[in-house]
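These are the structures in question, set out in turn.
In the two assemblies presented below, subunit A is common to both, partnered first by subunit B and then by subunit C.
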Partner chain A sequence: MIGVGKIKQYSNVLDKPLSKGKQEVSLSAFAFLFSELVQYNQTQVDNIAELERRLEDAGYAVGARVLELLCHRDKGNRRETRLLGILSFVHSTVWKVLFGKVADSLEKGTEHEDEYMISEKELLVNRFISIPKDMGTFNCGAFVAGIVRGVLDSAGFPAVVTAHFVPVEGQQRPRTTILIKFAEEVLRREARLG
Partner chain B sequence: MDTNDSLRVASLWHSMHAISQQLSPTTGCSGIELLEADTFDLHCFQSLTGTKFFVVCEPGTQHMESLLKVIYELYTDYVLKNPFYEMEMPIRCELFDINLSQAVQKDRVAMLGR
Partner chain C sequence: MATTACFIIVSRNEIPIYEAEVGSAVKREDAAQLHQFILHAALDIVQDLAWTTSAMFLKAIDRFNDLVVSVYVTAGHTRFMLLHDSRNDDGIKSFFQEVHELYIKILLNPLYLPGSRITSSHFDTKVRALARKYL
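On to the complex of A and B.
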């Protein structure tokens, strides 16, 4: 047969090198899949807070796996131990792999020491979604907040992560901010490390 | 025009469209595409699934078919991919409205330029 021949056969599937994977996925396919995810969860819950929590849990599972994959594939199995290190990892590498671009901005909260914010003009998952008026402040970006929480938790930086709409003057659509609030132990460890 | 009126017009148009398919003297007719009246023109676009988009405009307006195709694309993007939209319900999607008015605006500007 033409084409078959030069593929090296690995006796153990674990020895096979990790493929780069498909770099591009159809946006429409993802949008429909995500829309179904939200709709399915809507049928299972009674209120909006519960829906947000479910989306976050779904994202958490993705985050944990993405961290493992990226640590092996992109960072040569190096582990981040510093706060700024893991934050910039999330802000650039994770965002680049998941959404095709780095996040718009990473800021430190002014009011509290343990708060950091990743901002995005419009989250990819929210591109085609219009929240009806009666759902208030619900944000499907809770899924992305879950992903970030999954990455941080698995990397040893437990945090509470939420997604918020922040209105911007002069623009019709509000921008989205992922608010990361680190646990006490993370800050103490960070202070110890100097 | 409030929601009830639009629903009435839409159902009326749906019935007329279906009847016209039967009435046509030629075989293989797919329904009314253009309705010309004294004070307005009505262009209709039917998708492969049977969903009909119609636009009412001034008599003699050009390039409505391309506008209808653009609107069809906006529909598939901002309405069908919205998890909070129920099928067959009136469309209340903010993004769809914003992009729709932008498309109509762009078309109007382009028409003035021609």
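On to the complex of A and C.
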């Protein structure tokens, strides 16, 4: 047959090399998949909190894997042991790989010592989603909050992560803020490490 | 050259998810339990040490008679622990790095629950082959 190249047949995924993978994924394919994910979960639950929790759990699984893969691939096997280190890892590396750009901003909360916020003008996952009025404060960014929680939890920085809409004057659509609240033990360990 | 070596992967929650005796020496009856006991005792030391450095390979962290425990901590705090009697640091480091790649491939499986036992026989075969090559 003409044009049949010799492709190496791998019998098992463990034999395949851990490649850099395709740098680009079709946005429409992802949007379609994500909308199906949300719709499927909508049929399974009867209230909004449960729906948010399910999206978060889906994101958690992604976060745990993304952490290991990126530390091995992009960071040359260096772990993050400090709070600011892991936060800037999430803010730049993770965001760059997942969404193609670094997050818009990373801020420390003014009211509480243990709160940090990552803001994004328009989350990629929310781009093609509109929330009906009767769903109140529901935010599909819960999926991204789950990803961040997965990364932080696996790295040893347990935290409660939520996604919120923050209205901004001059802009029609509100911007999204991922609020990260670290557990007590993280702050104690940070203080101990000095 | 006959070497004793016991390799264990311990998850973030202190649960062993994979274990293998990879040495080439003849095994005594009670050797397996002794090896596991030594490795579990070393877990505490790993806990503290892991937060003091950002490197993944922690070298030799504990000794028992003439056996040495070497540990490699991944980003997700999964610990690869090796109990051995040789002094081949470079070989051990390469062994850990190769097993780390295998572990990531297992982890990327969306149907694999992180922290659960690794049951793939292919993974087992590959780890033993790597042990023969590097240790």
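Everything that follows uses one rule, which is that the second predicted complex is superposed on the first by the 177 of 194 C-alpha atoms of A that agree within 3 Å, B and C clash if a C-alpha of one lies under 4 Å from a C-alpha of the other, contacts with A are read in each partner's own complex, and residues count from 1 in each chain.
We take it that a residue touches a chain if its C-beta (ideal position, glycine included) is under 8 Å from a C-beta of that chain, and two chains touch if they have at least 3 such contacts.
Computed from a predicted model, the values in this text were never measured in an experiment.
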Quick check on the subunit A-based superposition: subunit B and subunit C, clash or fit? fit
Return first, second, both or neither, reflecting whether A:Ser130 touches subunit B, subunit C, both chains, or no partner chain. first
With the two complexes superposed on chain A, say which partner A:Glu107 touches: subunit B (first), subunit C (second), both, or neither. neither
Applying the touch criterion given at the start, work out whether A:Glu185 contacts subunit B, subunit C, both or neither, answering first, second, both or neither. neither
Which partner does A:Val13 reach: the first (subunit B), the second (subunit C), both, or neither? second
Of subunit B and subunit C, which one contacts the greater number of residues in subunit A? C
Mind working out whether A:Ser35 is in touch with subunit B, subunit C, both or neither, as first, second, both or neither? first
Of the two partner chains, subunit B (first) and subunit C (second), which one does A:Gly156 touch, if any: first, second, both, or neither? second
Have a look at where A:His72 lands relative to subunit B and subunit C in the superposition and call it first, second, both or neither. second
Is A:Thr81 contacted by the first partner subunit B, the second partner subunit C, both or neither? second
To be precise, I mean the smallest distance between any C-alpha of subunit B and any C-alpha of subunit C in the superposed model; what is it in Å? 23
Once the complexes are superposed, what residues of subunit A are shared between the subunit B interface and the subunit C interface? none
List the residues on subunit A that touch subunit C in their complex, please. 12-14, 16, 18, 61, 64-65, 67-72, 77-81, 85, 154-156, 189, 193
Residues of subunit B defined as touching subunit A within the complex: 77-78, 80-84, 92-96, 98
Residues of subunit A touching subunit B in their complex? 28, 31-32, 34-39, 42, 128-132, 135, 140, 172
Considering the complex alone, what residue numbers of subunit C touch subunit A? 12, 50-56, 73-77, 97, 100-110, 114, 120, 122-123, 126
